Amino acid sequence: MSWVWSHLDLIWSSTLAHVALCVPAIVLGFAVSVPLGYWASRSAGARGVLLTLGNILYTIPGIALVVLVPVVLGLPILNPVNVTIALLVYAVAIMVRSAADAFASVSADVRGSARAQGFSGPQLFWRVELPLAGPVLLAGVRVVSVSTISLATVAALVGIPSLGGFFTDGFQRSFLTEIITGLVAVLLLAAVFDVAIGLIGRALMPWNRRQRLSSAAAASFTIPVPQTGGR
Amino acid sequence: MLFLQAIQWILDPEHWSEVNFQAGIAEELGDHLWLSFLAVVFTAAVALPIGLYIGHTGRGRGFAIVVANVVRAVPTLGLLSVLLLVSLTIPPAVFVFVLLGVPPLLAGAYAGLEAIDRQTIDASRAMGMTEWQILRRVELPLAAPLILGGLRGATLQIIASVTLVSNFGINSLGDFILGGLAANDYVQMTAGAILVTVLALLVDGLLAVLQRFATPRGVPRGRGASTARVRRLPVPNRAPVSEGN
Amino acid sequence: NTIGGGSSSSPASSGGATASGDAKSIVVGSANFGENEILGYIYGGALADKGYSVSYKPAIGARAAYLPALQNGEINLVPEYAGSLLSYLDKSANAKSGDAVKSGIDAKIGTLNAKALDFAEAADSDSLNVTASFAKEKGLTSIADLAKAGTVTLAANPEFATRPDGVKGLQSVYGLKNIKFKAINDGGGPTTLKALVSNQVQVADIYSTTPSIKQNKLVTLTDPKNLFASQQVVPIVSTSKATSDLESIVNGVSAKLTTADLLDLNTKASGSDKPDYQALAKAWLSEKGF
Amino acid sequence: MGIEFRHVRKTYPDGTTAVEDFSVTIPSRSTTVFVGSSGCGKTTLLRMINRMVDPTEGQILIDDEEISGIEPVALRRRIGYVMQNSGLLPHRTVVDNVATVPVLTGTPKAKARQEALGLLDRVGLDRSLANRYPGQLSGGQQQRVGVARGLAADPNILLMDEPFGAVDPIVRDELQQELLRLQRELGKTTVFVTHDIDEAFLLGQQVVILQRGGVIAQIGSPQEILANPASDFVADFVGAKRGKRRLTAEEQGAGDDVLLVDAAGYPAGVISAPDGRLALSNSGPLSRSVSNKTDQAGDA
Amino acid sequence: MGIEFRHVRKTYPDGTTAVEDFSVTIPSRSTTVFVGSSGCGKTTLLRMINRMVDPTEGQILIDDEEISGIEPVALRRRIGYVMQNSGLLPHRTVVDNVATVPVLTGTPKAKARQEALGLLDRVGLDRSLANRYPGQLSGGQQQRVGVARGLAADPNILLMDEPFGAVDPIVRDELQQELLRLQRELGKTTVFVTHDIDEAFLLGQQVVILQRGGVIAQIGSPQEILANPASDFVADFVGAKRGKRRLTAEEQGAGDDVLLVDAAGYPAGVISAPDGRLALSNSGPLSRSVSNKTDQAGDA
């Protein structure tokens, strides 16, 4: 325990580094997945292709992806962007499916009636479909955020700072305290993100507040995507 | 091109028996599958009963959600480090992957049961089926596609993640990735990644076929296979069917 | 600082990919095992004392990861081990003596846009170890004796499989055909040790300065045919940063670094109170009067 | 086989009191209809009969035996149950659905199937549908299968919870007539739940009009209720107050027919009235006449 | 504002021909009801009017202007549309739902909201509900909001697709009366779709009875159809053939009232007939009398 107190600054800086790896992946993953998911919800063909592709990307082992990204993209080896890109790939692989489900979950009745009111195509998307897909999208983002944070620890295997460093270093030194510190830090960070995203969702979707908070949480559990426990 | 070279690497028969004095593809593949298989079997042993219980009774759902979310946040690398530091054998590794597989399968099992039209179950109960008969004859067959969907998720997840054990000296296809990394041999590393991905997709495809077969005839195929959606005629607006005993 | 980046002894940028431009700002990298990280902090600390702005990228990984990083300028200084470095640079090299190794390295290191500075006296070579009971049972004292031990499995870092002085060397130099290899990616650390002690493997490559050899009463097999070249510590520096001022500081450190120091540092590092690598480096520096 | 509710009360775990204090006697071999608007407790009452719901207080007796002493599974196998949306097993063929309960109770499969085919005839379904899955049937056909399944164990009691609520009006008419025919042929003790007062009056020999909380607003034969609504609520519910049931003759057409409209102006039908005189008749076209009904209600 | 269908045909991409060859003129400022059983093409016809569906062949004209030349979004904003399950936006409050179209067409938000509140009054909804979300309303309340929303842009045409199909019978009665009142007050050209013949007769000044494929079985005022069904199909559909509309007087009660039953024996209502004589009246209690109706249908 005293080790933890004397290394708070290190824990903090590792946490910041970890956050810096994850946040862009989560945000970009969301931004990329929404249009793809929308497309997949509109066309069965696109859905098949995108989800299969997602599955394939998803099964590429984490270390391989982290190492191959700079080789393929020609980026510097120690650039944290490599890890972020790898995380982004996984985030999209998971998120496209839930985005597709989210848009598919928008009631056809509501869509039809909005069209009948005279919503134009873009108005329909921004004012009706996107907000109504919100709860399921939110559930998807929560899954992605948790798994991204957990997954980002593999950065340690290629010498990029993250909370995963506590695992590799602790392991080499047979130092349980350090590994467990890392574990706890990752879990706490995941929890903080989860709560924060939940609150953002609550603020953005007031109509969803009363009836369906629990069902949205349930959806995050129900989405039968393979979850990334962290590889 | 890297990818083609990697395919060539895999097709080289020598690599199937030995790679750099170490276990070849055949042996690593076997070990990888075995470890994955153990993990999947134990995952099923843990997640199915719990998932079926939750789905059938509707109890313990909130608790399961919390547990599954926490489990999902646990970094595999960290947990492996802890457990393998304590004992460097297969069982702790299997335990870690079971943990990884439980959330998707649990979700599949319980979502599968929940997606069944309440009226179907209700009618079965009203006909005089015992709870066990309802589970066996109604819920399991109807939920089979989603349960197998969950199993697919768990399996995919486990096969892809087992590579991590190579870090700790346990055989898996990850050896090719780590070996390639250490020797700056991107071809070997890509080959390792391809092997893992192809293995995962093959097993997934196999399960998908199984899922097809398990989909009861008469139930509309396709995702969700939800019987909750077959009603076609307008139904008077009513409180959700919440009765039950 | 044991892990993680971003810690610098000066306000220099910590995350930047390259530290070009200012010759007085240096990025020190290191391999992913404790001793090397400590060495990184020692060299870095000495430079920081002399007004360099130093940042660290510790625990990058295997040689195949950090040397390309040096080559493209993401790091500027990294502590290396002479023999392994030479066999990385020149797969066919078979120089054994210190001078031959030095000239071998000098001939090739230009490809890394880097320069090797003076060797330290301190050396940390690979060493093959067996448990005392196994040694007794099979009557083993030297690597050559392994020939009579039947099929044995040897554990080492993954690169041992492809290094010229790895399994290949055992075959060509000692004629050993009975070696199976198992990669364990912890630089002779706890997993390797556990595998050895539990007889999952019979031979383990553990750095000679690792305290666990003594602590577990392992038998280090002698290397009569000098398969493992002299592994003296040699700092290598990007050519662009290699001013004479920097060289003299770094060489000054190397001159005082002994094998005993390494063993001592490693013992402390894995001891029960788990001190930080950076603190160990600092302590060593002040002890040696820097 | 009569059914008796004695001061039955049901409070659900969440605190909703669905039924407050309900006592009624349901005569055997006739149809009793519970009618009332959504949420008034109809389903709750019905499901207490086969112990899908257990009362919080009070007793329910079937043929003077308290059902709380009967094992629920055994009880349910003796009672037919038909519900809206049929609740058929989507993964079993029509014939297997009908044969479910006999198979559960140990009838050999072949025999149960054979009998199931007979039941399909009985409810007016073509045998060619026997090997279809429920999803391949129309809503009306599904309901017929549901009725056949309810009859499969040859139960003395048939519970029907809005069985025709979800089908087309035309198909509903057919099913209602079919049910009347079945009832004449089989004479089961039937408890029928609906929120459609027209349906209640058509099918019920005894009609129980319920208010929220399972409170009985009126009980009696359709004629009694229509002629003498016990309260404003009942009058309103059966439409008498709003004048819907109070018809007026509007116009003499070309022939003898007079168009009758209700208070809302909605044409309710035509009647033959040569020169404005009604032809009175005391026996309806069906045996199920008013006097007949009153007799049966008297059984209660 | 009249609507005219000229030889309209609709074949969906999957090959289903929903409407074969449909021609009809819908008079302005009155209510035309399309009635028919499920799948006969009612919704398809309705949605062709606001170009939610485009015909495969034929033309549709509004006030003699071909709508294929009007931009769909603009057209829809001029036409009110109300459907079953209201189709309200679940993420907008009631008042915002009602104000949707005015806001879309550029009315300042505050003004649109103010007007929306007025519309809530108009459809009989309490203003206190204005800031609720649709999920917090009952089904009947949601339908009222749906109607208010349909009226918000003050359209000349109102399309209603089984708007009351999913609500309680009692609430449905209320809503139907409300709609009649609104129609009297506002006089929109209303096209109403239902599969309930009673509803069609109650609401429609012109009723179009449809067979599968959008084939017109009969068109006319309720009285015309009821008195002279054009075919067996129509007779069957309106219930005349089965005798449901053919009432007979059954029994003279204590007072002047006579109970009328239909052919199935189902009591349809009571009529005052002192000494068996009907009191004839040529004007119903509502201004919406038969002659009135016939006039309006004549507009077509």
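When the chains are written out, they are named A, B, C, D and E in that same order, and each has its own residue count from 1.
We take it that contacts are C-beta pairs under 8 Å (C-beta built on N, C-alpha and C of every residue); 3 or more make two chains touch, one makes a residue touch a chain.
Here's who's who by UniProt: A, B = Osmoprotectant transport system permease protein; D, E = ABC-type quaternary amine transporter.
Predicted model only: the values in this text are computed from it and were never measured.
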Common touching chains of chain C and chain B = A
Quick one: how many steps at least from chain A to chain E, stepping chain to touching chain?
-> 1
Once you count every C-beta pair in contact for both, which comes out on top, A-B or B-D?
-> A-B
Between the Cα centroids of chain B and chain D the separation in whole angstrom comes to 48
Express in whole angstrom the distance between the two chain centres, defined as the mean CA positions of chain C and chain D.
-> 88
So, what's the distance in Å between the C-alpha centres of chain D and chain A?
-> 54
Could you please state the distance in Å, as a whole number, between where the Cα atoms of chain A are centred and where those of chain C are centred?
-> 38
Two or more other chains in contact with one residue: find those residues in chain A.
-> 156-157, 166, 168, 171, 174
Where chain B touches two or more other chains simultaneously, the residues are 84-85, 167, 178, 181, 233-236
Which positions in chain C touch two or more other chains at once?
-> 61, 65, 68, 186, 190-191
Chain E partner, complex, touching residues on chain D are 37-38, 168-170, 173, 177, 195-198, 201-202, 222-223, 226-227, 237, 239-240, 242-253, 257-273, 276-282, 284-286, 288-290
Contact footprint of chain C on chain B as seen in their complex = 20-22, 84-85, 88, 166-169, 175, 178-179, 181-185
Within their complex, chain A touches chain B through residues 55-56, 58-65, 67-68, 71-72, 143, 146-147, 149-151, 153-154, 156-157, 164, 166-168, 170-171, 174, 176, 179-180, 182-183, 186-187, 190-191, 194, 214, 217-218, 220-231
Taking the complex as given, what residues does chain A use to touch chain E?
-> 109-110, 112-120, 123, 128, 131-132, 134, 205, 207-208, 210-211
Would you mind writing out the residues of chain C in touch with chain B in their complex?
-> 61-65, 68, 155, 157-159, 161-162, 167, 179-186, 190-192, 194-195, 198, 200
